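Two complexes are shown next, each including chain A; its partner changes from chain B in the first to chain C in the second.
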Partner chain A sequence: MEHILKGINLNKTFGTKDQNIQALKDVDFYLDEGELLGIAGESGSGKSTLLNVISGLIRPDSGELFYREQEYTGKDPAHTGRFLQMIFQDAKSSFDPRFTMECSLLESRRKKTDRDALCGILKEVGLDEKLLKRKASELSGGQCQRMSIARALYSEADILLCDEITSALDVSSQAQVVEILKKLNVERKLSAIFVSHDIALLSTLCTRIMVMKDGQVVEQGLTTDVIGTPGNEYTKLLIESARKQSL
Partner chain B sequence: MSETILKIQDISLAYEECPVVTNLSLDVKRGELLCIVGESGSGKSTLLRAVCGDELVKVTAGSIIYEACDIVGMKEAERQKLKGTRIGYIQQNPYGAFNPLRTIEAQFRETLKSHGKTFRRTDLREIFGILELNNSDEILKSRPYELSGGMNQRIAIAASFILRPELLLCDEITSALDVTTAAAVMEELFKLKSENGTTIVLVTHNIGQASNIADRIAIMYQGKIVEFGESEKVLMHPEHEYTKKLLRDVPRL
Partner chain C sequence: MKKRISRKKVIKIKLVIMVVLALSVVFLTLFAGVIAKNDPYQTCATSIRTAPCVDYPFGTDNLGRCIFARVLYGGRTTIAATFALVFISFAIGTVIGMVCGYFGGIIDRILMRLADITLGFPQMVVAIAVAGILGGGIKSAMIALGITMWVSFARLARSHTFSIRSAAFVQTARFAGKNDAYIIMVHVFPNLLAPVLTNALTQIGTTMIGLSGLSFLGLGVIPPAAEWGSMISEARAYIQIAPWAVIYPSVATIITIIIFNYLGDVIMDYREVR
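Here is the complex of A and B:
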C-alpha cells in the first residue's frame, strides 16, 4: 500500500560551540492513509524535532521525506501546509492575539472562503459559531485547542501533526479532544501523527505506536503489541510510569 | 494535639468581585494524604492559596483553622511565621519558586536563614538523595535555568521539605513534568509522607494519580465539594455524576 507520508534516514543535530546534541539519529517512519500514529517518549527524546522536520519547520541534516511518493525534503511550511498542518501544545500562542477566531480561521485557507464548510467543521469539533467573534484570550484552553483543530481541517490538509496537544488540558478536556480526533478519523479518514509523553493516552487513540529515546526509535508496532508485550526496557518503564498515574 | 490539623469551615472565596468558592467545608487529618481533584476552574488552587494567605484571594465568609488558630483573621507577621516551617507550599510552575539567576545553593542558604535554620550539606544531601537528585554538589552550583523542569520541581520539593513543615500543600506539582518524572515525584512524596508523618494536601486534575496515593479524596466542581471520602469508596462507589465522568475521562492502559 502507498504510504501517505514517509521519512527515510532522518538526521538532525543541534549544536553550540562546546557540544552537539543529535536530536534525530537515522529515524525512519511511515504513515498510512487514515492511520493514527502515536509517538511516545520523555522530554528531550526528539519527538517534537521529528514533527518539526516532517512539517518543514526545521530542515533535516540528511534524509528524505515523501508525501504520496513525491519527495518534499527541504520544502518550507508554505509548501507543506497544503497537505499537513501542525497543532501545538500551546494553542493560545498559535493564534494572533489581536485577531478574532474568524479572521484566523478564514486566513488559513488558500481556496475561496467557504462559510458553510467552516460552520460544519465547527460543529464537528463541538464549538458554537458565536465563539468565532472571540479572540484567543477569551477562550478556554480546551476551546482554543479545538479551534486549532478546526483551523487545520478548514485549510483542507490531509494530515494533522499533533505535538502534545492535550498536555496543557485537564483530563476532561483531554478526553473531549481525543473523542473528536477519533470521530474525525472514522468520518473523514483523517490521518494524524500524535506526539505525547503519555503512552496511556496514545494507547486509547492510536492504532500504531513508535517509542523514541535519545533521538532514536527504540520500538514500534501495533498498539496492542507494544502495550501488551513491550520488548524494550525503556518502553516498559514508560508503561509502568503511566500505570502509576492511571486508575 | 487534636487529630484535625486543618479545618476549613463554610468558606467563601473571591477574586475581587468574582466569587470562586462558595460555602465550602473540609477537614484535614494529621498525617494523611488528602487529594483534591477537579477540572480547571473548579477552585482547587484558590482554596490552597487561601490557606497560604495569598493577598489576591479574598475570604468573604467562613474560617480556616490551623491548629486552633484562625488563619483568616491573622496579622501578616504572624502568618509569615507559619509559612515554610509549619505550612509548606509547592506550586505548579517548577521555575516559579526560584530566582532564575541565582545558584541553588544561595537560594537554599537564604531560605534556611530566613527561617532561623542553618545550612548543612549533609541534611541537604539526605533530602536530595530521597528525591533521586544525585551529585548534589553539581546541582547546588547550578542556576534554575540550567536545569530541566523535572529537576527544578524536585528541588522545589526539597526546598519545602528541608524546613520540615507539618502540613505540605502541593498544587498540580506534576503537570509540567512528563509521565516518568511525574511517577517518580509522586513516589518520593509518598515516601516522605510515610517516613516523616507529614500531612499532605495534593491538588490535581488527574483522579488516576490521586487513586494511587491518597488516603482520602475530595472532588471539587464549580467551587463546591461534591463528594468527599475514603479514596476506595470514592473510586469504587462514586455517587456524584461528576465523579463518574472524571473516572471515565482518565486514559487507561
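Here is the complex of A and C:
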C-alpha cells in the first residue's frame, strides 16, 4: 500500500561545541491516507522536532522523507506547504495580530480565492462567517484553533501536522476540536499527525500511536494494541500516569 | 461620589493634549509668514536691540531684526531639519535592522559590529568632528548627527525582526509559499513599525538639541539664516544689554523639546495600556 507520507532513518542533532543533544535517532514512520497518527512522549522526547523535520522547518542531518513516494528531504516550507500544513499549539500566535481572519485565511491559499469554499469550511469547523472580520485577539483560544484548522483545509493541504493543538485549550474547547477532527477524518478522509504528551487524548482520536522517548521510537502500533497491551515500560508509564490524571 | 478615572483614559487625554501641542508648534512654524508681520532678515538701524513691544513682540537683535519672526522662521528650519534627519535615520536604520535580523549571517555580523563601534563614541563628539570636517551648513550638521543616529533604529528593528521572523504566523506564511520579500514587507515591517516609530518620536527632542547645539557652536546653520541655536549663539555676546534676544529662542527650544519628548513618553505609555 502506498503511504501518503513516509520517513526513513531520520536523525537530527542540536548542540554546541561542548554539548550535543540527539533529538532524533534513526526514526522511521509512515502515514496512510485518511489515517490519524498520534505521537506521544514526554517533553524533550523529540516529537515536536520530528514534526518540524517532516514539515521542512528543520532539515534532518540524515534520513529521507517521502510524500506519495516522491522524496522531499531538505525542501523548505514553501515546497512542503503544497501538501501539508502545520497547526501550532498557540493558535493566536499563528495569525498576524494586524490581520483579520479573512486576510489570514486568504493568504494561506495558493489557488484562486473561493469564497464559497471558505464559507463551507467555516461551517465544517463550526464557526460563524462573521468571525472573518475579527482579529486573533478578538477570538477565544478554541475559536482560533478551529480557525487554524479552517485555514489548513482552505489551503487544500492533504496532511495536517498538529503540534500539541489542544494543550493550551480548556476542556470544552479541547473536546470541540477533537470532535471536529474526528468528523473531518470521516467526511474528508483527512490525514493527520498529532503530537501530544497526553496519550489518553491520542487514544480517543488516533487510529495508530507512536511512542517516543529520547529521540527514539520505543513503540508503535494500532491504538487498541498500544493502549491495551503496551509492550514497552515507558509506554506503560505514560498510560499509567494518564489514568492517574483522569481519576 | 467621586468618580475615578482609569489610567488608560488619563493617558488618552494626555496623548490628545500632547498631539495638539506638537501640531501647534509645527503649524506655528509652517505659517510663520502669516503670523509674523515682520521680515526675519530685514535689518533696521533705528530699532537695534529694541525691547519687546507691540511692533516687535519678542524685541529685536543686534541688527534690528524682529526676534519673533526669526523664532518662528528659525523653528521651521530646526523642526524641518529634525524631522528630515529622524525620518532618514529611521528609514536607513530600520532597513539595516530588518535585513540583519531576518537574514542574519555575515551581513548581520559586519553591520552590527559597525553599529557597536559607532556606539563606542559619544554622539556629540563624533558630530562636532564630522561637522568640523564637512564645514558649516544645515546639511553638514544633519550628516554629522545622522552618522550615529541610525544605530538605535537598526538595533531596535533587528531585535524585533528576530522575534517576528520565528513567529508562527511567519512560518504559516512560508507554508503558503510566500517569499522573503513578501514576509518582510507584509509581516515583519508593519509589526515592528509601532516600536520603531515610538523610538523615532523620542529621538526628535535629542536631535533638536544636537542640531541647535551644532548651530550654537557655529557648525550648523550659517547666519543670517534663522535657527534657534545660531540665534542664541549670536545674541549671547550682548545678553546683558538685550537678554530677550537669548531668552526667546532658548524658551522656544526648551518648550519644543519638552513637548516632543513628552509626546514620545505618552505614546509609549499608550502602547502599553492599549
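A few points about this structure:
We adopt the following convention: the second predicted complex is superposed on the first by the 246 of 247 C-alpha atoms of A that agree within 3 Å, B and C clash if a C-alpha of one lies under 4 Å from a C-alpha of the other, contacts with A are read in each partner's own complex, and residues count from 1 in each chain.
Just so we're on the same page, contacts are C-beta pairs under 8 Å (C-beta built on N, C-alpha and C of every residue); 3 or more make two chains touch, one makes a residue touch a chain.
None of these values were measured; they are calculated from a predicted model.
Taken together in the superposed arrangement on chain A, chain B and chain C fit without clashing.
Of the two partner chains, neither chain B nor chain C is touched by A:R188. In the superposition on chain A, A:S172 makes contact with chain B only, while chain C stays out of contact range.
In the overlay built on the shared chain, the residue A:R110 is in contact with chain C alone; chain B does not reach it. In the superposed model, A:T204 makes contact with chain B only, not with chain C. In the superposition on chain A, contact is made by A:S94 with chain C only, not with chain B. In the superposition on chain A, contact of A:K123 is made with neither chain B nor chain C. In the superposition on chain A, A:R59 makes contact with neither chain B nor chain C. Closest CA pair between chain B and chain C after superposition: 9 Å apart.
Within chain A, no residue touches chain B in one complex and chain C in the other.
Partner chain C is touched in their complex by these residues of chain A: 55, 57, 76-78, 80-82, 84-86, 88, 90, 93-99, 104, 107-110, 151, 155.
Listing the residues of chain A that touch chain B in their complex gives 42-44, 140-141, 169-175, 178, 197-201, 203-204, 227, 237-247. Put simply, chain B touches chain A in their complex at residues 39-41, 148-150, 178-184, 186-187, 205-209, 211-212, 235, 245-253.
Here chain C touches chain A in the complex through residues 167-169, 171-179, 187, 190-191, going by the rule given at the top.
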